[in-house]
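The structures considered in this document are given below.
One chain, chain A, appears in both complexes that follow, with chain B as partner in the first and chain C in the second.
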Partner chain A sequence: MSEAKRLLLEPHDLTFVEDVPYIYHCSHYNLFHDQTVDDVLGDTAGQQVRVRAAHAAFRQLLRAITQGASTPMERLSIAMGAFAAMGHGRVDLDVTAEGGSARTGHAHYGFCWAEKYGSRVSRTLPADAVAAGFVAAATEVAYELPAGAMQAVEETCVARREPECTFKVTRAATPVPLPPTVDRQAMEPFLGPSEGGMDEAWIGATADTLQEFVAAMEGDERGLMEGFGVFITRHLTNYYLETAYAAARQAPESALPIVESLLREAAHVCVFHTFGGILLSPEWESVAGRLSGEPEDIVRGCVAIARGLGFGRWAIRELGPDRLVLSTTSNYEAPYYAARFGKSDRPRCYFFQGAALAMMVLAHRVRWDGSAELTQSFYDDLFRGQGLGFRCEPTTCQTMGHDRTEVVVRRT
Partner chain B sequence: MSVTLARELACARSRLFGLRGVTIEQGRILLGALEACPRWRERPGIGELRIFRSAAGHEVLLVPSTGRVQIRVAYVVPPIERFDAAAGVLVELARLGRAARRAG
Partner chain C sequence: MTSELLEQAVKDVAPLSAVLVTAMPDCLLYDSWVKEEGRWAPEEVASYFGDLVRSNREALKSLGSWSSTMQVTIESADALVVLREVNEHFVCGCIFDRSAPLGLVRLHVDRMLDRISAGLPQISPEEQPRAVRIIGFLRRYAPDPHAILMRVALRTGLSLEQLEAPEHLTPEQTQSLEDAAKQILGLQELHL
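Moving on, here comes the complex of A and B:
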């Protein structure tokens, strides 16, 4: 991963490695996202969708970054290194073209689930669909097998209080049907002209600094990546969006509002834990100075963070005590949706919508004087209590063919 | 002037500790002491942030302009022992700071 060609599509704040799009998300978002997919599709179907999405996404990545490697061992080595460098965990692959096994003590999802919930909740299903998809893809790419030739099943998982995560790798009796993936070339036609907004100079400079910092982050000895007080992954947008849109598109019409609400809530979780964690970190203090706690500073800080994490060139159009207008011509969701599914009949940038609302909640309902702790119970109070205090209305969306995606957040 | 150790929130249980009460001047002295101490190796930070790592895997993060100091205890330390580990780092930092002040 570190030697592969990374590209920042600078005017759009989108990030790619060898034309494969990726972004940064923390474990809170990752776990909530996966749970949402399973809640909508059911545990079995949800897990299948997630494993296949990860399989396809990692196959795309690994084919791109192993181009110069000439032997299966070289390709496996690159694959394992990339997975660890992305913060997903150091996985040992013991595979041939006929199958084999894989193991890790620190798969990101399983490990973080155990850290977050393990002392309070028992889990019956394994948590590492992403690692399972990676293992299958790495085996295929190493041995130059066709897509879907291999399958991997997680047999033990640290999230189930087992000592390590293990995977059984076998040849599929019939090829596993994998979803298509989207790359930079497919996304670019759907990106609008880059647009700035309020506080553009400060936001742009701060985002640049963050981009440099997170680009230099690597997984530790465990293959986990810690920063800003959270576990972070450098993750494939094809995985997130294939699974999110599978949930939204496969849900019955009557359930769609609930599904969309959950997909937006995943963004609340991200903004609260990741953006909030960044705002409270020494890293942020060194870039932006001590937090003033003024709502305007929180919102513009959040916009810089979103850009820094590769979510796209988000811009503030209007900001007042009761209202935020946030827009973008290059959010990571819309070009994926348009390239993969075509034009939508409804706004589909769920993450953008949820994040905009959560930014206003953080700005106006959190005390940033050092007394706030971003705990799960505080999250529950803010986002699941008596009402958020704000509501978000999408006014335009590039997934519907509009020239930009824009939302208005108003105080209720 | 007293400095206190306060647990800070993190996903990894009980690994982050902030030092409360550090002045900008004390931070400046501590920074000089860490730079001069071979037991603490500097690694790249962000902005003006300075990050020093010990052989045991503990890290000290320092923001010179504000005096903020954070200790990140190595993940290999069991959760129940992390406060003691952070206190051990604090003792070492205090000793380094005193020595640097005496040296002038």
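Moving on, here comes the complex of A and C:
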């Protein structure tokens, strides 16, 4: 991973490894996202969709970053190194072209699920669809097998209070149908001209510094990546968006508002834990100076963070005490949707919508004088029910063919 | 609002931080006295106390060790908590300073419960519908409780409006709700 060519598509604040799009998300977002997919599709179907999405996404990545490797062992080594460097956990692969096994004590999803929920509830199904998809993809790529030739099933999982996560790898009786993936070339036609907004110079400079900082982050000896008070992953957008849109597109019409609400909620979770954690970190103070706690300071900080994490060139069009207009011509969701599915009849940039709302909640309802702790119970209080204090209305969306994506957040 | 009953019952119990009376089986706060208000929500804690006593009762019954006089004692870092069933309709939770000697705490609890039990009403509680209790249980224990109704709606096909008025759910809908609750909580059975 570290030797692979990383690309920052400069005017758009989108990040790629060898043309494969990726972003940064924390465990809180990752768990909520997967939970939502399973709630919509059902546990079994949801898990299958997630494994296949991860399988396809990692196959795309691993094929790209193992181009120079000439033996299966070299390719497996690169794959394991990349997975750990992305913060997903250090996985030991023991596989041949006919199958085998894999194990890890620290798969990101299982480990973080146990950390966050394990003392509270039990889990019956394993949590590491992403790792299962990776294991199958790594085996295929190592042995130059066709897409879907291998399948991996997680047999034990730390989220089920088992000592480690283990995966059984077998040849698929019939090829596993994998979803298509989107790369930089497919996304670029759907990116609009780059646009700046209020505080552009400060936001741009801060985002650049943050991009350099997070690019230097690597997984630790466990293959996990800790920073800003959360576990972070460098993750493939094809995974997130394939699974999110599978949930949104397969949901019954009557359930769609709830699905969309939960997909936006996942963004609330991200902004609260990751953006908030960054704002409160010493690293942020060194990058952006001391946080004043003024709402304008929080919102522009959040926009810089979004850019720094590779979400796209978000820009503030208007900002007042009761109103935020946030726009973008290069959010990571829209070009994926357009390339994968074509034009939508409804706004589909759910993360962007949810994040804009959460930014205003953070700006106006959190005390940034050092007394706030970004705990789960604080989140539950802040985002519970209808008492958010703001509502978000998408006005235009590139998934619908508009030239930019824009939302208006108003005080209620 | 603290009743006269509790005001009298806690008199002269110096190391006491709070007393919560929980109505069973629905685990709803019936009455409370809190020395230092505002640090936590008595309604929420009372529900957990009720659940805790119920779980303890079931566990002891499984062991064949249950008796109506059993009590739960919790020694945390900064509090000493004693939970006891006053009768089949009420559970009393007493929270003391951690530094209070256990023997003294037991003495205080015995005296307070004598006073409290004498003043509690004789009631024939009407049990809440099972669906109401399931929703209440999920709100207390499910991950991401703020989103729980939406999650249940997706898993059951019930609308949010239906879930917000669970007392009107049909038996089939209640069963569907219970199945979803078990999935979400990773439980084989819901003992409510």
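List of remarks:
Just so we're on the same page, the second predicted complex is superposed on the first by the 410 of 412 C-alpha atoms of A that agree within 3 Å, B and C clash if a C-alpha of one lies under 4 Å from a C-alpha of the other, contacts with A are read in each partner's own complex, and residues count from 1 in each chain.
Following the convention adopted for this analysis, a residue touches a chain if its C-beta (ideal position, glycine included) is under 8 Å from a C-beta of that chain, and two chains touch if they have at least 3 such contacts.
Note that the structure is predicted; figures quoted are calculated from it, not measured.
When the two structures are aligned on the shared chain, A:Phe231 is found in touch with chain B, with no touch to chain C.
Legend: residue contacts after superposition of the two complexes on their common chain; A:Arg290 is shown touching chain B, with no touch to chain C.
After overlaying the two complexes on the shared chain, residue contacts for A:Leu210 are found with chain B alone; chain C is out of touch. Judged by the touch definition given at the top, the superposed model places A:Ala255 against chain C, while chain B stays out of reach.
Looking at the shared chain after the overlay, A:Ser122 reaches chain C, while chain B stays out of its contact range. In the superposition on chain A, A:Thr375 makes contact with chain B only, while chain C stays out of contact range.
With both structures placed on the common chain, the touch criterion links A:Phe383 to chain C but leaves chain B unconnected. In the overlay built on the shared chain, the residue A:Asp39 is in contact with chain C alone; chain B does not reach it. Residues 116 of chain A contact both chain B in one complex and chain C in the other.
Residues 26-28, 112, 115-116, 209-210, 212-213, 216, 220, 222, 226, 229-231, 273, 277, 280, 282-283, 285-287, 289-290, 373-375 of chain A touch chain B in their complex. Here chain C touches chain A in the complex through residues 141-147, 150-151, 153-155, 157, 159-160, 183-187, going by the rule given at the top. Those residues of chain A that touch chain C in the complex are listed here as 32, 35, 39-40, 42-43, 116-117, 120-124, 251-252, 254-255, 258-259, 261-262, 265, 379-380, 383-385. Of all residues in chain B, only 8-13, 16, 44-49, 61-63, 65-66, 68, 70, 75 touch chain A in the complex they form.
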